[in-house]
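Here chain A shows up in two complexes: once beside chain B, once beside chain C.
Right, the complex of A and B next:
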């Protein structure tokens, strides 16, 4: 199973988030809460699902709420590997 | 067409979902092809957890030797089969709208097992039942887009019919996916995923909330046990998805890539929705009211 660096995971989260919000990646702030973007909970769940497939391992979708920004989630997923 | 059928999913919609072929479902379900949330104890595998789920409903509905059981939405018959073999039930009737499922159960050829290709609203039993179960079928009892009142009416007709078919003191055990009471259906319907589920996974179906269920049942049944086992469904869906991925080539050959991709997305996102509580998995045991 491939291990991903925190930077790689962060890039994957940014790509998913930008597409979920239909905005350019350059407009994202890695420290901003997902909530503040107005991301509906089911879209957050789909984002978690995309990460699950990217990482090749199962992710509890609650991680999105427990680590609610790009930076926090990337750190969490990189350390929980 | 019965009055009730008009407010639930049509046989055509059900058939489209479940008649995809026995071989396809056998690829990712357990050997009994139980297609509903399992009940895990510790690190049970899927087979053990499906058995535990069936046992829970047999226990709650009071199935025992000499008792007559009706299973509404029997799928491939695992529950009625176990009622007869493991509990020695006198008779177990299963209802399904899927011809493929009915044919499979009929092929078991057990004298005390009966399967009918019939809507519960049209069922006319020859004698009262002692126990009724309905696992993973309630999701189909109200069509999409109904107002809350109309939906509760549809559920009330279901409970009233069940009560009428039960002997005094009879018990009913149901299992269904549900939304939280405060769920915003309109907002959900407007999401990509909401439209996807409505159009591609469960056409013509909508989900209840726990208060709707209790309100609809209240005049004829009292609740005895209520469980929300949503984490069990997240686990079940992830196992199905893993297995479907392992058998992807065979699955695509049987039903086509689009259907396989649709189910893959459905399992993935519903698992996450169960993780966070946007979806609930309710198991509710009722007793018929005496007054």
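Right, the complex of A and C next:
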């Protein structure tokens, strides 16, 4: 299983989120909650699916709810590897 | 345990059950690995009593306590401890985001709550006394406030008494003959009526062990729900209509080949419009897994009646899956202790059998009103009929009764009207999803300038590039199905359609954002002004 740094995970989350929202990555704020972008729960869960593909491991969907921003989720996933 | 719950739900849960039988389990996944945290009735009793002492030490009898734990055992224990200690529980979504924190703060302010139970709360202060507070409430005592996620108005807290809760749990058990031999599996959020009463309290009251999971775990892999049904040999489960669609569409065949759903006796479908097509597709998809279409139990309910109003009973004829998809699904007979009238609200009189009208409900399950909202309480709970001294709830929903059975045709406030033609917003949204061949986020709503005829706007989230052809295809489909051309069809980036906390389309909020020009519109079609209506 490849290990990714927090910075790499953060970049992956940003790419997935930008794609899910169809916005430029430069407009994203890493400390903004996902739901503040109007990301519905189904799509938040799909975001988890994209991250799973990138990280090559399963992501607990609860993590998206418990760590609901780019920065929080990256920190959580890096520490829970 | 008999079908009649004890006088008080808390007494039933704690005084009569003190053994090693499973009360419930909460399942989490770490990769493929499934981890169950199981609580026996003895565990539950001990933890709830300790929590009740802690809450009693920090609050006074009758205080409001916000229960905002994430879905899991702590939520169950916190909620029951409030009831045991004579505090009024206020279930809420966990404050994990800024928006959710703000919602909890609003709830705490509007209920003058003195305590918020949530993960990460400050460590318990030492209780200043050892007792649990009041724990023998009478029927009129308030058990909890169920805040509704109504779409068109600010959320309101239905005041649920111990008597109403007990009556509704009894009606649920009676409708589906629930006993300790049943087993439930649920992924529903515990702070909504269906997840709280249907998934947690009713199974506990009847001694039926339940398997609970986080809603996100279900959304991520809908097949998990079915896998738990199979591995637990569960008999009782349910959810809103979309859950069945999600399971049908997203569970891979390879992942469901070994499922055995033959033990599934009661498959409740409620809380949003029940679609016959959904039931038929689910039944066909899982027939080889032993799922029996006779298990479907479409129902109708709302928080103002605790949860349950009517449903197809376990011994009723099966749902007719071959009838016209556009015809409303039979939502059964009123539960024990409840009555339904279809009313012409302009005249204030019941309509003849088979005629569409406003659905009014009365009975022992009715909430006492809305918390600290006398005007709204009077408007909604103050329905009166000639020669009938009962208090009737105006549900805001529209339907008809045929042969004593209830059929729902829409929510009054979501009726879109054009030239005398009425179309329910949910039906247009379902049509759009049908045309696109996926579960599209879509909202249909009316925009009024307060003077002329309302504009009907259909807003569809669209992830990929779009074209005029897409817009015309949607317009044509809606026009063909409803004989009505919307004024505006707009394709927007994902996130444009506002949702309630339970994932339902929040049409009023979406409309407001649309009017404010706050939505990321990608393409729009407008009905030519010169066209005849």
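One rule holds for everything that comes next: the second predicted complex is superposed on the first by the 81 of 81 C-alpha atoms of A that agree within 3 Å, B and C clash if a C-alpha of one lies under 4 Å from a C-alpha of the other, contacts with A are read in each partner's own complex, and residues count from 1 in each chain.
Everything that follows uses one rule, which is that a contact is a pair of C-beta atoms (placed from the backbone, for glycine too) under 8 Å apart; a residue touches a chain by one contact, two chains touch by 3 or more.
As the structure is a prediction and not an experimental result, all values here were calculated from the model.
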{"item": "Combined model on chain A: chain C and chain B, fit or clash", "value": "clash"}
{"item": "Dominant contact partner of chain A by residue count, chain C or chain B", "value": "C"}
{"item": "Partner chain(s) touched by A:62 [first = chain B, second = chain C, both, neither]", "value": "both"}
{"item": "Partner chain(s) touched by A:48 [first = chain B, second = chain C, both, neither]", "value": "both"}
{"item": "Contacts of A:23 with chain B and chain C, given as first, second, both or neither", "value": "second"}
{"item": "Stretch of chain C penetrating chain B in the combined three-chain arrangement, among 117-125, 135-143 or 171-179", "value": "171-179"}
{"item": "Chain B and chain C footprints on chain A, overlapping residues", "value": "40-43, 45, 48-49, 58, 60-62, 64-65"}
{"item": "In the complex with chain B, residue positions of chain A that touch it", "value": "40-46, 48-49, 52-53, 58, 60-62, 64-65"}
{"item": "In the complex with chain C, residue positions of chain A that touch it", "value": "20-23, 33-43, 45, 48-49, 57-58, 60-62, 64-66, 68-69"}
{"item": "Interfacial residue positions of chain C with respect to chain A in the complex", "value": "28-32, 70, 94, 96-100, 214-217, 219-221, 439, 441, 463, 493-499, 503, 520"}
{"item": "Residue ranges of chain B touching chain A (in the complex, touch as defined)", "value": "187-188, 191-194, 238, 268-269, 271-273, 275-276, 278"}
